[in-house]
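First the structure, which I've put down as structure tokens, then a few questions once you've had a look.
As written, the chains take the letters A, B, C and D, and residue 1 is the first residue of each chain.
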Amino acid sequence: MIKRRLTNSEQPKGRSLWQDGLKRLGRRKLAMVCFAVIVLYFLLAGFIYFAELIDWQVGPIRWQEEVGGAYEGPSSQNKFGTDIFGQSVLRKTLYGAKISITVALCASFISIVIGVPLGTIAGYYRGVVDEIIVWVYSTLSSIPYILLILAFAVVLRDKTLFGFKLTGITSVYLAIGLTSWVGLCRLIRGEVIKHKEREYVLAAKSYGCSGARIIFRHLLPNVFHLIIIDFSLRFVAFIHAEVILSFLGLGEATRPSWGVMINDARIELSRGVWWQMVAATAAIFFISLALNIFGDALRDAIDPRLRKAA
Amino acid sequence: MTTYIIRRLLYTIPIVLGVLLLTFVLFTVVGGDVSIEIAGKNATPETIEEIREEYGLNKPLFLSWDSQFINHFKSALTFDFGRARDRELVVDKIKRGVWPSLALTVPMFFGVLIISVSLALVVAFVRGSAWDVFAVVVCVAGMSIPYLSFILLGQYFFAYKLGLFPIFFSPDLSMAEYVALPVLIGIVTGLGANVRFYRTVMLDEIRSDYVRTAFAKGLDARRVLFKHVLKNAMIPIITRVVLAIPFLFLGSLLLERFFGIPGLGYLMIEAIGSRDYFVINAMTYISAILFVIFNVITDICYGLVDPRISFD
Amino acid sequence: MSENSLALSIQGLGVSFFTEDGIARAVQDVSFSVKKGETFALVGESGCGKSVTALSIMRLIPQPPGKIVSGDIVFDNRSLLELSEKRMRGIRGNKIAMIFQEPMTSLNPVYTVGNQIVEAIRLHQKKSENQAWADAVDMLRKVGISEPEQRVNEYPHQMSGGMRQRVMIAMAVSCQPQLLIADEPTTALDVTIQAQILDLLDDLQKQNGMSILLITHDLAIVAERADNVAVMYASRIVEIAESKQLFQEPLHPYTKGLLKSLPRLGLGREVKRLQTISGTVPDPLHFPAGCKFHPRCSVGCSDKRCQGIEPELREVGNGRHVACWYAQGYETEEEIKEYESKYGKK
Amino acid sequence: MNGRGGAFKFFLFLLLAIMAGCDSSSPGDDSNEMILYANLPTKIRGLDTGDIGDVYSAMIAGQFFECLYQYDYLKRPYEVIPHVAEGMPQISKDGLTYIIKIKKGVYFADDKCFLGGKGRELKSSDFVFAWKRIANIKYFSKNWWVFDGKIVGLDEFREYSKNCKSAADVDYSREVEGLQTPDDYTLVIRLKKAWPQIVYLLAHQPTAPIAKEAVVYYGKDIVNHPVGTGPFKLKVWHRGSYIEMVRNPNYREEFYPSKGEPGDAEGGYLDDVGKRIPMVDRLFFVLIEEDQPRWLQFLRGKIDAASIPKDNYGQAIDVSRDLTPEMKKLNIHLKTFKNPDTFWIGFNMEDDVLGKNKALRKAISYAIDREKYIKVFWNNRDDIAYGFIPPVMKAYNPEISKLGIGYDLEKARHLLKEAETIHGGKLPTLTFSMGGADTLARQIGQFYQRSFKDLGLDIEVAYMDWPTFQDKVKTKSVQMFSLGWVADYPDTESFLQLFYSKNVSPGTNNFNYSNPEFDELYERVAVMPDSPQRTELYRKAELMVIEDCPAAFINHRVAYILHHDWCMNYKPHIFQYGLAKYRRIDMKKRAAYKELLKKVK
């Protein structure tokens, strides 16, 4: 039989998991719209940070400014109406993006920083280390999540930790971060155990790779997509957690956040002041919806197997 | 089977110890001193000192037989949580709060379960169709609205504006009357995530080979769904259901708060507001114990539903 | 061939899957017929569309995304595709039964095997519960399960793979179907058990006089068991022949390749190096133009006609059908043009 | 579909079972019964009268426990009259010995702690026991301040109790020289120094007598079992939701007061003169902590009276401070009254920045637009506080708006410059602590932050929960804080002691204010009986504090209470608790309210 090289176009493409997944994702219009929405929110939050840094007095930064009388309804001048002090609800809503995204980002960061290394170490080294890590997260996960967050938030609030005063959102994202790494850790551990037995890891071992090298060069890249997917879906939960903590008086107090705005609206509703509530709810709704849909799409695109875990 | 249960229970011991350690660290080591709050507005330093003594706050934290840590253990293992800030026994508070909480959460739970499993079956059956897409979108949209907004709007429209339901707990109402609206709101908020979850479960099952076999036999869709799929789907459903039961006892923080239902959720909110670590500690510990126990029950339930699992 | 001698006849079947990534034409223009009482084998590599063809007969294509886009399936003088869903249910498991590749997962894990057989019996036959259970035990005995009285109450996970496949067969033949579709019935089993299962199918065929549509990728099985063979490649049938003829004189380069890759025992001491077909089966989303086999074909790979125009399955005499320009004897482009003028451009 | 139907039935069954299991039988079926539904705006701590430390606990406990004295229900200004005492005390000339006779025939309510379950007669020794119990340090009463340093021998008793192992080891039979009981109906109190406020405190809830039997029988659980001599008995106390009380059948003959102040007859307060009290058979205190539900429950007639939430003020009260037509159609009545309280921003005088810088403190005080504050947060209801003595007090200085500190931004800016000079540079960011993180607290915090920003001063607001806040205040670890004080009795001394240097944190002087001149004045005035001269000295002391400025006084609350017209004899009273015994309910009117509500809508 004559051996023949196949031309490039004919060859089934050896695309990586990522390329493949992202390409598939790119074809989903809805997912891309959602992605754009998410990027928009992040840009907004980043912009507010930036503007504050250089003290650029754009609208959202000047949320404290009185732009009208107290509790003025939406008008052409103040599109979303005003609050009790005559501050613009629109500006507060925009500014709230910074708080919510900061909370969710920091909490995600903490949970990744704790969950991924612990999960990898437990899964790779097994033995006593594994038992201890499993024990820790089993303990944490045996306490209902909401109780655990509340317990952490109550206890951490107004404490000083390593010279840092834990006020407002700091204690919020610490509480969320310190309690939410469990799921990620469990996921990573399971995946690492699976991959550990795969040929490529065994091969790496056989030519004398160190444990650290195997973890960083081989294992982590192969579980990385899980972290991203987990992140996108968890982000939503964190934004919602901020609302509940704010309602319980454990959240941000000095700056407008969506949770605080909804909480304030509780009383305002009875005088028919609905705009603050609607603005904050809508702000949360759109980013949650976008993250939910995008997260699902990402998961389907990159790792359809995970659908089971949902 | 008995040996299995015993062995399974033995596994829970380290977890319970872990929970005890965690609550101790949280509420005693990090949480700190509560004596001043107990002493009240006209307190003298000596009263505060006496309170510290009474509550054992001046004992060493760890290294002693009479340390706070050992006492924390003892009290937790004997379910003696002492007295709350208002000098009522914490246990009494919890006992009293359980019923109203259950009256709220049990109907809510079954409502969500029945509606979402039924919907999920239907949606899974018409998978891929416009109805399916619509259902998923509605679910995701429902999940994206903050819980608090749901409650606020629900209470505002149905109780305040339309006056269809009582606004708040009142002693002259029957329990059915005052839990009606919160249960309704609870069910609506719970549907999104649950329908989506059960749909995924059903889809996983519907894609299975045995379903194809069942269809190949000539069974109709209803029989396949209700006889074959549902029983297999029971396994993930049971996990979710049984593990949700401990949460029923906790009540619902926000709903109880908004509707004045004197359950454990409300108790918890108040404990948070007044930093009543005695109550928070007891609630955390009890719910963890319940959770661990129900974990064991889940495993036993697997055995009942899934013939592949044996306890030997 | 009289119509009445046919158990099943498929004409121009086309099945497509409408996925996000595009339309996958899993089955295109497939036509063949199965005679009563014969074993007809459908052979091909995995992903070539043979299982989809089988599922189309049962009308069990997952829909959406799958859809039968063209063709007709005639069974018992009736078009299956035109039947109502209710009538079709009366045929499934009753007139046409099917057994699947994976005996591990094809049985419902949470019901006893007896329960699952009884369900099939009672669905199509008016029998009492007790009678059905007795039948189930009989069926199990017939498929060679020892101690069927006990086994009937066991769960699938308590049985070995071979036994489960016997249970599947028992379930399938419990209503004496006219046609049994066996979709890779032995692939997942040990070699020793494979033969037992196939023997069992042979026995049952003799007893009931049913036709068997045997779907497999294993030519060795085909050689022994099948009366007629259709070879499928990339959604199309490329060759149909009597089993013996095919093995003696394969016409399509793909069939030739397949046969060359078979280990031949008993041809003297000389052990030939097994040959494989280079390249891989094309992705149904990205079929090559022209003859789908041409990129892997040793004959027509550089031939412009093979690259440009897809050959149709045509009779080449001797009752043999093949879809290959070379095998059909169209040697030059002029001839193909002439062919096109006759039959129209593809 | 069987599976679903079965599950649904199971669900229904469970629902019914649970509801049957805990459904409290709906009260009020007996139409002759007179039932009062009152609101309890916050959870109460406990009903052990010796440990009651807040207004609402006192409000409840007042229905069960009776003190020696009480305030006249109708007369204004507030006047102390005997309650379980036979008459006003006989006071020795030096003002140090009080002889008090106790009424005969006052019985404790029936309770199982008594022999045979029958309540026994009240004896003078019950007072002595109750007060020694407050002195007992192992009991941790919040109310030791009442007797601290006042009664001969009681402080020694407290010292003695320190050495006991536990509360149970304290021997209550131990003699206290200043508390003698010559017979069961006579109580002799000997004081260390003159204490003219004593009659007010003998009308103050924590000094009510308690039966030793109850304390012994219930132990620590006494908080759940109020056994007193009062007109009502506790039936159900569902801590999370309501308190139900019923009339005490053993209650002695007490009658509705016959005299009031001018206008009482027109106000309908004299309709029931001479009638035996209590008139109400059953009382519900329904716990509703949040404004909105409370307000709506009131409008629906579920509770008989309620205050107006700030966000519904416009719905209830029109610009002329009268009820809106909507309220009038519902036959709702308005009662307004001034509270004996003052709210302020306190300065920690031990703070490095604030303590040494009077100009800064004054600048802050001048920078607060109290009028706007009251307008934004309290619907313009409250009075501006220029000093700390509230307008209801006799010692209230009518000239105070000129003498005290009000809003004057120019002056404040001027003072701030001075303050910067004193500080020697730019002032650091100050921290203002608030004991709450709810919406109102946050908005108030924001208000102040803006006010001080206008002044040119940066402050950071720290919101914390109440316990943390209290902890910080008591340990002197705050800079500026928001607090207030409600007088327990109608004597300005109650406010003066807040600035006495011996009461610094963790005592009531949270400002940690210390001025020897003021201390000297306080010590002098505290032992003086009421006289115009004392009033003058009170005013002098107030001005002294205003000058030193340990706090920026903001407002005195004015309460706006609405009640339905079926709730009769609803006269507001700011010092007396346990007023339900005077109330009468027109059950017919209440029953008709539903129809009225429909008609109005």
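As a convention for this text, contacts are C-beta pairs under 8 Å (C-beta built on N, C-alpha and C of every residue); 3 or more make two chains touch, one makes a residue touch a chain.
Since this is a predicted model, take the numbers as computed values, not measurements.
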Intersection of contact partners for subunit B and subunit D: A
Most heavily contacting chain pair (counted by C-beta pairs in contact): B-D
Chain of greatest Cα-centre distance to subunit C: D
Identifier of the chain whose CA centre is least distant from the whole-structure CA centre: B
Centre distance in Å when subunit C and subunit D are each reduced to the mean of their C-alpha atoms: 89
Centre-to-centre distance between subunit C and subunit B (centres being mean Cα positions), rounded to whole Å: 52
Where subunit A and subunit C are represented by their mean Cα positions, the distance between them in whole Å: 50
Distance from subunit B to subunit A - Cα centre to Cα centre, in angstrom: 24
Contacts with two or more other chains, residues of subunit A listed in rising order: 249-250, 263, 266, 269-270
Subunit D, residues touching no fewer than two other chains: 465, 468
Subunit D contact footprint on subunit A (complex, rising order): 64, 70, 84-85, 157-158, 167, 249-251, 253-254, 260, 263-264, 266-271
Residue numbers on subunit B that touch subunit A, as the complex places them: 14-15, 18-19, 21-23, 26-27, 30-31, 140-141, 143-149, 152-153, 156, 160, 196-197, 200, 203-204, 246-247, 250, 253-254, 268-269, 272-273, 275, 280, 283-284, 287-288, 291-292, 295
Touching residues (chain side subunit B, partner subunit C) in the complex: 127-129, 208-210, 212-220, 227-228, 231-232, 234, 305-308
Subunit B-facing residues of subunit A, complex: 135-136, 138-140, 142-144, 146-148, 150-152, 154-156, 159, 236, 240, 243-244, 247-250, 258-259, 262-263, 265-266, 269-270, 277, 280-281, 284-286, 288-289, 292-293, 296, 307-308, 310
Residues of subunit B touching subunit D in the complex: 33-34, 36-48, 50-51, 54, 83, 85-89, 93, 96-97, 99-100, 102-103, 106-107, 110-111, 113-114, 118, 159-160, 167-176, 222, 226, 230, 260-263, 266-267, 270, 272-275
